[in-house]
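Every chain is named by a letter (A, B, C and D) in the order it is written, and numbering of its residues begins at 1.
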Amino acid sequence: MARILPLADAVAEIVRDGDLVALEGFTHLIPFAAGHEILRQNRRDLQLVRMTPDVLYDQMLGVGAAKRLAFSYGGNPGVGSLHRFRDAIEHGWPRAIEVEEHSHAGMAARYVAGASNLPFGVLRGYAGTDLAARTTVERITCPFTGESLAAVPALRPDVGIVHAQEADRQGNVQLWGIPGVQKETVLAASRSLVTVERIVDALEPRPGGVVLPGWTIDLVAEAPSGSQPSYAAGITERDNDAYRAWDKTARDRSAFLAWMEEHVFGGPSPYHDLTGTPDAPTPTAASAETAR
Amino acid sequence: MSAVTDNAGATVGEIQTIVAARRLRTAKVVFIGVGKPSTAAILAREIYHPDLVLVYESGTIGAKPRRVPLSIGDGELAETADAVVSVGEMFAYWVQAGRIDVAFLGAAQVDRHANLNSTVIGDHAAPKTRLPGAGGAPEIASGCGEVVVVVPHNKRTLVEQLDFVTTVGHGDGFAADGTPNSSFNRAELGLGGTGPSAVITDLGILEPDPVTRELVLTELLPDATVEAAREATGWDLRVADDVARIETPTPDELAALRELVSR
Amino acid sequence: MARILPLADAVAEIVRDGDLVALEGFTHLIPFAAGHEILRQNRRDLQLVRMTPDVLYDQMLGVGAAKRLAFSYGGNPGVGSLHRFRDAIEHGWPRAIEVEEHSHAGMAARYVAGASNLPFGVLRGYAGTDLAARTTVERITCPFTGESLAAVPALRPDVGIVHAQEADRQGNVQLWGIPGVQKETVLAASRSLVTVERIVDALEPRPGGVVLPGWTIDLVAEAPSGSQPSYAAGITERDNDAYRAWDKTARDRSAFLAWMEEHVFGGPSPYHDLTGTPDAPTPTAASAETAR
Amino acid sequence: MSAVTDNAGATVGEIQTIVAARRLRTAKVVFIGVGKPSTAAILAREIYHPDLVLVYESGTIGAKPRRVPLSIGDGELAETADAVVSVGEMFAYWVQAGRIDVAFLGAAQVDRHANLNSTVIGDHAAPKTRLPGAGGAPEIASGCGEVVVVVPHNKRTLVEQLDFVTTVGHGDGFAADGTPNSSFNRAELGLGGTGPSAVITDLGILEPDPVTRELVLTELLPDATVEAAREATGWDLRVADDVARIETPTPDELAALRELVSR
């Protein structure tokens, strides 16, 4: 059975400095509330993993919380660049990060292999690209046909964090809509946290429902609107204006830092109602400063 | 795309979208990223081809969006899809399995053999401009039947030499007698599909030569010229003997596009 | 778009003598009606594939329709032996069959690889077993960890046939309940037929629903109760008595042949209402004789 | 199991089932095939351990059957499950990933190191008796934390030499000093889990020696004797110094089992 904790307690328990952490959500169910809580708790030297680092990872990279990023597409979907991501890679600001990049197909195969307890995944991919020489990929030969395919290493994060629509009181989780790699993230990770819009007495089976039994999850935390400005199908709407507005905020280092100070470190989240986390610590000025 | 009134002539951006949509008249299943290609595919489904199946890499198969989504994971895509699958399944059972006829891709750089860069400008280890990266492109381009590339026509985009090969188009191409110019070609790399069939720009359409696979200017937008296209290309652009003039968007096409974008 | 045909026409079009044919259904949605129609049409030398050959394959092997069987578990679940399957393997009656056997994990990996257009699947399996020397399996080394794993060849049937609850008029199919390898069978096969309990105007999304778009399927045929004595969740019930009764019928060659003559070749199916197949041909005495 | 009235003493079959159920008192997740093991697991969930998670290889995770199903795919299993997954996912994400603590397996033959045969009696190419085959057993036995084997106790079942190794138990075992008797052992084969922890028969319980991994008779059913067990074993059965007597089923256990089977 998963334990149900306030978000701040859950993050404090599960994320450690230096961890390989995947906060997943393929355009949907992105765990913004959990990510912000990680920043408020001033976790450092994270090795972040995510197929589609978007605004959340822009924020995490922008305050220097990560030393490494593995990913496959680092853009603000439909808007443009992630300016903090670019600044970190192009100028090492606020710190240099090591980058490992894959294709989506490769990252998905890595998660599937991790969830399957296989050391590698196989795909038709990478052949002829310059990626092949700059990432962790090997060629493997089919023992039956002699064909050459790509092998990618399994992804086994220390911590997997995803958002979902609901959990019951035993910590069984159900999500629906675009499933992304949410299930694989939890099943591949050594430790897992699922934030949910709401906790209900019983999960009602739904079309498209993906259920993760509570015994496969370590911690569940209630975080209403916790994936905003992305969304939780059927409960919240994607806040496209917030994604567009982020482009302007993130272009400028000072504007970015001021925004983070006001909305993440110093005040209520801009995106969500954190009633699920009454005990969220307010970071001291010192810790917020260190975070930069 | 510049502002126009509802009854004005089409902008080049609008024409580019309509040209892309027309490429889908005979497709059954199209794979879509964000931006212009998404608009083109939705338009094609609405005006040419109601059975066109739209597949988004977010896992939504047979989506029927009424609006142009900002991201490839907007809620309407899942709500209207015939099936919604995980990302792992999308790339394994659907893309890699070759179930998709046509894919639209964008890129920051395209070379004369339609290889694509969406990773980096400058050196990968010390980039001048870090781009978003591969996303699904490398395997989309080897899993789908053909690829249609949609890019702006300028020398920064159509370059002599890619800074990074993110996605293989036609590799190093072939000599006039059909022998490959190097081992960098689709067959030797084991890639599926036939690769890029067209690069649609805001000046015209480039298509690979049937033998050499070098891009050739084959069609021009209504107001574009061969000279302008050559001038805006980073290599010595080949031009077809009989460059066709792209048919001006019909009032119906233009009205449908504008109505779609305004929703 | 899948074409919707009467069952007899669909089978006549899609199954050829000698084909590698998978009629799948993991205890649920087993396509009995389609299998019986294959027998009525007197298809020969089939290379049958199925994870769990049960009563249907006992019948198909018992009349000598197959020259080969690939499988992972050949039993009558909860009842005991498949006597026709045993008679074919132990005594070559009515004809010898070639056998390729795998584990469930191996067969599932083979279907997944087939649906994925990969030439092989990888699993932790077969090591130390005598199966390894008697089936098609190779060892493969992880290029990252050096671990040795099993590789199994992808399964790409000529024909994949499954049963499902419903299709709409465009041939989009939905099934729910135990999904088995139904999706993989259709996606891995060169040609596919889905029989359905009913054809509806529009598929209503359901909990646990697995949808196969019509454009991934060649043919759809209506076959109400077409998976009996197995079942279609929510529509028919598993006929456990029929499974138990089969044990007695199948023990004796004559009793078996008489049963097949009466119920499959000569008369209405014992299991289902074939109103979906008004044109099912009645085999001549000669063709029924050949089938033995 | 012979017929008994509701109040009569337990049959050996009933005791065997109850003994198997008791092995699940501390398990969290159990993997189940058909027959006695299924009854035992359902019983364990009802009387000892309401949170016990039953996983069936048909893909039903957390099933809560009220009756003993005939097949591992009966409708009630899916209807009451927490999650229902494809067979491919079951073996990859759940069994192979090591998420299951205990698996129950049957077999036609068991040897002294708890290796199992469920494939064939006689020669594989020309079998005397063709058995159903491997099913999920080989990978269940290498993916789950431990395996409990439930078989009848007789010389046809407990044999000196398997006709076919379907499922690896403890291979060739180990010498008294802990060195493996051959390369046929779990570590060298790369198998996960700890392998068979018990063979529950209708005479008693055999458990592997902690060092040699040879099966040792450690417990006897109420009316069974060491002599009867040795006589019914196809090899020279080792017997523990202190063979325990299995606790007679309590009236509650017996009543619960009978009530369950009668549903």
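Everything below uses one rule, namely that a residue touches a chain if its C-beta (ideal position, glycine included) is under 8 Å from a C-beta of that chain, and two chains touch if they have at least 3 such contacts.
Predicted model, so just to flag it, every value in this text is computed and none were measured.
Taking B-C and C-D together, the chain pair joined by more C-beta contacts is C-D.
Taking each chain's centre as the average of its CA atoms, chain A and chain D sit 41 Å apart. A straight line joining the Cα centres of chain A and chain B is 29 Å long. Looking at chain A, residues 112, 117-118, 123-124, 147, 183-184, 208 sit in touch with two or more other chains. The residues of chain D that reach two or more other chains are 92, 96, 143, 192, listed in rising order.
This structure has the following touching chain pairs: A-B, A-C, A-D, B-C, C-D. Listing the residues of chain A that touch chain B in their complex gives 26-28, 51-52, 71-75, 77-79, 81-82, 85-86, 89-90, 101-106, 108-109, 111-112, 123-131, 134, 147-148, 177-181, 183-184, 208, 230-231, 233, 237-238, 240, 243.
The residues of chain D lying in touch with chain C in their complex are 34-35, 57-60, 69-75, 77-79, 84-88, 90-92, 95-96, 119, 124, 127-130, 132-139, 142-143, 164-168, 171, 184, 189-192.
Per the touch definition, chain A reaches chain C in the complex via residues 117-120, 122-124, 136, 138-140, 142-145, 147, 149, 151, 153, 205-209.
Of all residues in chain B, those touching chain C in their complex are 28-29, 51, 53, 61-62, 82-83, 92-93, 96-99, 143, 192. Residues of chain C touching chain B in their complex: 1, 112, 115-118, 172, 183-184, 187, 211-213, 215-216.
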